[in-house]
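Chains: A, B, C and D, in written order; residue numbering restarts at 1 for each.
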Amino acid sequence: MIKAAVVGASGYIGGELIRLLWEHPEAEITALVSRRYEGEKVHRVHPNLRGLNLRFTGPKELDADVIFLSVPHGTSMRIIDDYAGSSKVIDMSADFRVPLELYREYYGEHLRPELLEEFVYGLPELHRDEIRRAELIANPGCNSTAVILALHPFRDLVDEATVDLKVGSSAGGRKGGLPRMHPERSNAVRVYRTHHHRHEAEILNETGVRAHLTVHSVDLVRGLMATMYLRIESDRREIYRRLLGYLKEPFVRIVKDRRGIQRLPDPKYLIGSNFVDIGFECDENNGRVILFSALDNLMKGGAGQAVQNMNLTFSLEETTGLRRLPIYPV
Amino acid sequence: MIKAAVVGASGYIGGELIRLLWEHPEAEITALVSRRYEGEKVHRVHPNLRGLNLRFTGPKELDADVIFLSVPHGTSMRIIDDYAGSSKVIDMSADFRVPLELYREYYGEHLRPELLEEFVYGLPELHRDEIRRAELIANPGCNSTAVILALHPFRDLVDEATVDLKVGSSAGGRKGGLPRMHPERSNAVRVYRTHHHRHEAEILNETGVRAHLTVHSVDLVRGLMATMYLRIESDRREIYRRLLGYLKEPFVRIVKDRRGIQRLPDPKYLIGSNFVDIGFECDENNGRVILFSALDNLMKGGAGQAVQNMNLTFSLEETTGLRRLPIYPV
Amino acid sequence: MIKAAVVGASGYIGGELIRLLWEHPEAEITALVSRRYEGEKVHRVHPNLRGLNLRFTGPKELDADVIFLSVPHGTSMRIIDDYAGSSKVIDMSADFRVPLELYREYYGEHLRPELLEEFVYGLPELHRDEIRRAELIANPGCNSTAVILALHPFRDLVDEATVDLKVGSSAGGRKGGLPRMHPERSNAVRVYRTHHHRHEAEILNETGVRAHLTVHSVDLVRGLMATMYLRIESDRREIYRRLLGYLKEPFVRIVKDRRGIQRLPDPKYLIGSNFVDIGFECDENNGRVILFSALDNLMKGGAGQAVQNMNLTFSLEETTGLRRLPIYPV
Amino acid sequence: MIKAAVVGASGYIGGELIRLLWEHPEAEITALVSRRYEGEKVHRVHPNLRGLNLRFTGPKELDADVIFLSVPHGTSMRIIDDYAGSSKVIDMSADFRVPLELYREYYGEHLRPELLEEFVYGLPELHRDEIRRAELIANPGCNSTAVILALHPFRDLVDEATVDLKVGSSAGGRKGGLPRMHPERSNAVRVYRTHHHRHEAEILNETGVRAHLTVHSVDLVRGLMATMYLRIESDRREIYRRLLGYLKEPFVRIVKDRRGIQRLPDPKYLIGSNFVDIGFECDENNGRVILFSALDNLMKGGAGQAVQNMNLTFSLEETTGLRRLPIYPV
């Protein structure tokens, strides 16, 4: 059994990690660290975990083969030395996802630049072999995962892309504030970020494409939808052919049907699963291709992908504990 | 023109008062007091009021014929002397709604018990004439309004009632806290209050019926639904007959249809209006009557009723500025 | 491996059965019957099942150890002869849940009254041993499950109960009609059924309590909440003691906390799981007890319970394939 | 008083027209035509109109100064002769919005091409004077209104635009079908239309810009948000300057704040009002401008604009009956 610990276990990603690790046949949870909730029962914060008899602990020496750092951006690089070394680390923050130059452009100064090269970018579809050998893994952002996987097969055809994102409220974590209260966030279509979104750095680094992200908050708790507008003179057959490279991927599905309730990707049909669905349409008359990419932001966009990385780096079957079908309808 | 001021103008009830007063043909707003947002543009807090060029002011001497106190419970009785006297006061808090004994049972000690008898309970359907002559008006609670109007015609038939309430998130105002964030409050059916709800005091005082309120928060922003279970041996005709007393009331409607989308009251069909819809069903075989009462908690359950009271006390047509049809569908 | 077939596989309960059977370690799906969608890919109707490469078939001779009849009320008794005999049958309809007399009172004439005694009522917590030996199982209704399990420990103390239910739209299945369209059903608190709900028959039969059900549709897709008002002179300790009988039940949890996000049952925290959460409050001053019962209507209220019954009748560990934690937040 | 009739009065746009005309100080309703609901009370279909004592009538000779044709696309051109001539006609369908060539490209054959030039495009901000003199008015589409008003000031700077739209379910009218049922449409982010949307024709005709529309259905009943991506080398000041042309428009607001709940347009804050809010952001480093445009699809995107047109063509103050502030929060 892999001994697993979660640092920052009280957030939504932290809670999802606990759920997945608890149900994982090859992992056991050895510590759930939360400064704020030290000593509290876990179900006080994550009601779905009632009955598991787990408690949060304070920061301490951890008995763990792998540690998931589920802490805010900027915190991981401050606490990394407490955890790296004896355990493998899978970092959920943005601290170690991109090279220094890009980090500086999008985030600012980095406290531990020398560590950046030690980390492997944890997107299995693009870095499977490196992940298998990695000690330090930077788990991708939710938007980045959706966009990179969709753009990657077309990276030789485009330099840039316009990306319109629609995201649920769980992506914002448990931060407070009036705009995130139910009366304000319900029935809204709010511009969350107009441009220069930090996830652009990862996308550029992984695909070479300069994606321009505009993020909208919609009335949804869990789920993320990316619509990508590209200038490509091509036809359906060619687009489809390039996406077929994902055919053997266990968690990437091409969704483009003519009939049925779901003809193109929709996060509604992915709740609780680790799939990312990718679809497309060709607007041939105008030399345009539109890509659609949907995922569950707490799963393939967060905790699910982290467990996928854990599986790889401990030489388990990649899909262990992740073969769950989506819950529908919710 | 009636000069109107709102103290505590940054809450949801405060915002609704501004909207109604702005559109009111016989009123003009002379001050919008908010300690927290003093000097700020009103639309920063109430985005629907963009373009009106209003600003919040700090507490000060007000030039007003009527002052709406839209402050938290317990605050009105502390600041009442600053406002009463030269102006009429319509108090949105619970401070002056019930006699001292009931206040003590449900709220605790009262700072200004001698003022309690000065206030008129601002439910026009029951106290229209007193309101016309009043200088100090205690505006009823949202739950109380829905329940009192439904129970009143049956007060001689029952001593008590079981009341199950479903309420939207705007009823909780702008208070923060994790349980009220969008990810937690969406898709929830949460028990907000199991029993001994404070609004029971008003209901008891106005009807003599001991109503047992249990309040559930549902995924709704605006709206309130009360389902009342009574032990009454009666038949439909008799129930209907008693409700017919409301026939001339401009804001009370009896809703009991056999066909159509809406056969019984539903707050969905009352958004933005001052109506309270009352319906019923007789379970004759079991000696039971079920009453249904729905309203918009910010209108008839709050600001709308306050303006109705203002109209009465300034000898205007009672419906002035309030004849708005509900917005549908929302 | 248990060979399992679903007849009526295109509804929401049918889809949930497919999901559970697909993930079940001891079951294999041998047929998914849908007259309407015969020959169609299953994911056309259940988008969450994309990639499983399943198709609906027409009615035919089935190679199955167990057949789930997921057809409308009244249909099961018409087609039962086609399926019973060679296979065990778990009937999701209401056709075989109650004795003839009750059936007649609540539903009308029965086509196969002689079969009623052959069926076992599939509520494992009350009929575990009978289910183990059963060939024909009548799976309980969603409301009934929530109410019976909550009322059962108190059946000697009360003759009747007032039950206020709040249900999601998936409970209505895939029936069409204007009132169930998104613009009408969103933001609604609609009275779906005022009294004499058919599920009262099951509750009466199982507990001896005459429960008066009033059902409200709220803006929720999946989930069910029952609030039960009882006349009981008792105290918290006694109520708690009686509920402790469920302590060893794998899918019943007592939820009554003083702190945390969830203090009483809420279907929000049960999505995708087979738990039923039961909580309570004593209003001792008024001789009242309020019970709260929440579940996922497609799981413990439908397909999950059916699989629980399958496990029992095939001598598997009762929780096989059902030990899923709820998905949160959704 | 203007005598007004609505043909096709049972749809959502029809219902909104009734609401606005009922509250309009200079209009009176003389007929509400609905073949399907002939003889029925209006509140059976539009529950918000309960108490108005209105009934639908069948098609007949109408006593009206103005007739609103609120019928499906393709129907207006078939029935126009029954209504035009003695009354002014405001057509809500797409039948007479664009010249023949564009109509053929986007819709197909036209039954009455000779009438196309008779119609004035009813977008007051661009065609106020023509509307004043018009007998036949083609009311714009909801998407078109949002996009045209945002793009128009920049029409000399761009040839094309990428437009990502998020729309509520009321835009789909009362059409049935599984995908529009509550369990399927809730919590969804569904691609409704990938490209070659018919509203592109209007946009091209009014602005000369080839807008590429991609429409997403989000979990919202009322409201529409358009995000427009343009290639413009410019700066904030210049963008702002061009939008200032709308300063005197009563129903166009420029929304671009640094603080507050709403910093850019959001349909949440427009419910029930006739405003269209336009905002923008400059991504100067990349030569991009992003425009945001929000409106209430049943008001400025439908019935509200139609009444605005009615006001103009009957020489009333343009804002008569339309000066309503948005309802917030909903």
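Keep in mind that, in the parts below, a contact is a pair of C-beta atoms (placed from the backbone, for glycine too) under 8 Å apart; a residue touches a chain by one contact, two chains touch by 3 or more.
Since the model is a prediction, treat every value here as computed from it, not as a measurement.
Asks: Which contact partners do chain A and chain C have in common?
Replies: B, D
Asks: Once you count every C-beta pair in contact for both, which comes out on top, A-B or A-D?
Replies: Of A-B and A-D, more C-beta pairs in contact link A-D.
Asks: As a test of understanding: of all chains, whose mean C-alpha position lies farthest from that of chain D?
Replies: Greatest centre separation from chain D goes to chain C.
Asks: Indicate the whole-number Å distance between the mean C-alpha point of chain A and the mean C-alpha point of chain D.
Replies: Distance between chain centres: 38 Å.
Asks: Quick one: report the Å distance separating chain B from chain D, using the average Cα coordinate of each chain.
Replies: The computed centroid separation for chain B versus chain D comes out at 35 Å.
Asks: Where the CA atoms of chain A average out and where those of chain B average out, how many Å apart are those spots?
Replies: 45
Asks: By the touch rule stated above, which residues of chain A touch at least two different other chains?
Replies: 12, 170, 178, 183-184, 186-187, 219, 221, 261-262, 266, 329-330
Asks: Which residues of chain A touch chain C once you look at their complex with the stated criterion?
Replies: Against chain C, the touching part of chain A is residues 12, 15, 19, 22-23, 41, 43-52, 170, 187, 221-222, 253, 255, 257, 259-262, 266, 269-273, 277, 323-330.
Asks: Of all residues in chain C, which touch chain B in the complex?
Replies: Chain C residues touching chain B: 160, 162, 164, 166, 178-179, 183-184, 186-191, 194-196, 210, 212, 214, 216, 218-221, 223, 225, 227, 229, 261-268, 271, 279, 281, 283, 285-286, 288, 290, 292, 294, 329-330.
Asks: Touching residues of chain D toward chain C in the complex: what are they?
Replies: The contact residues of chain D facing chain C are 12, 168-170, 172, 174, 176-178, 180-183, 185-187, 219, 221, 330.
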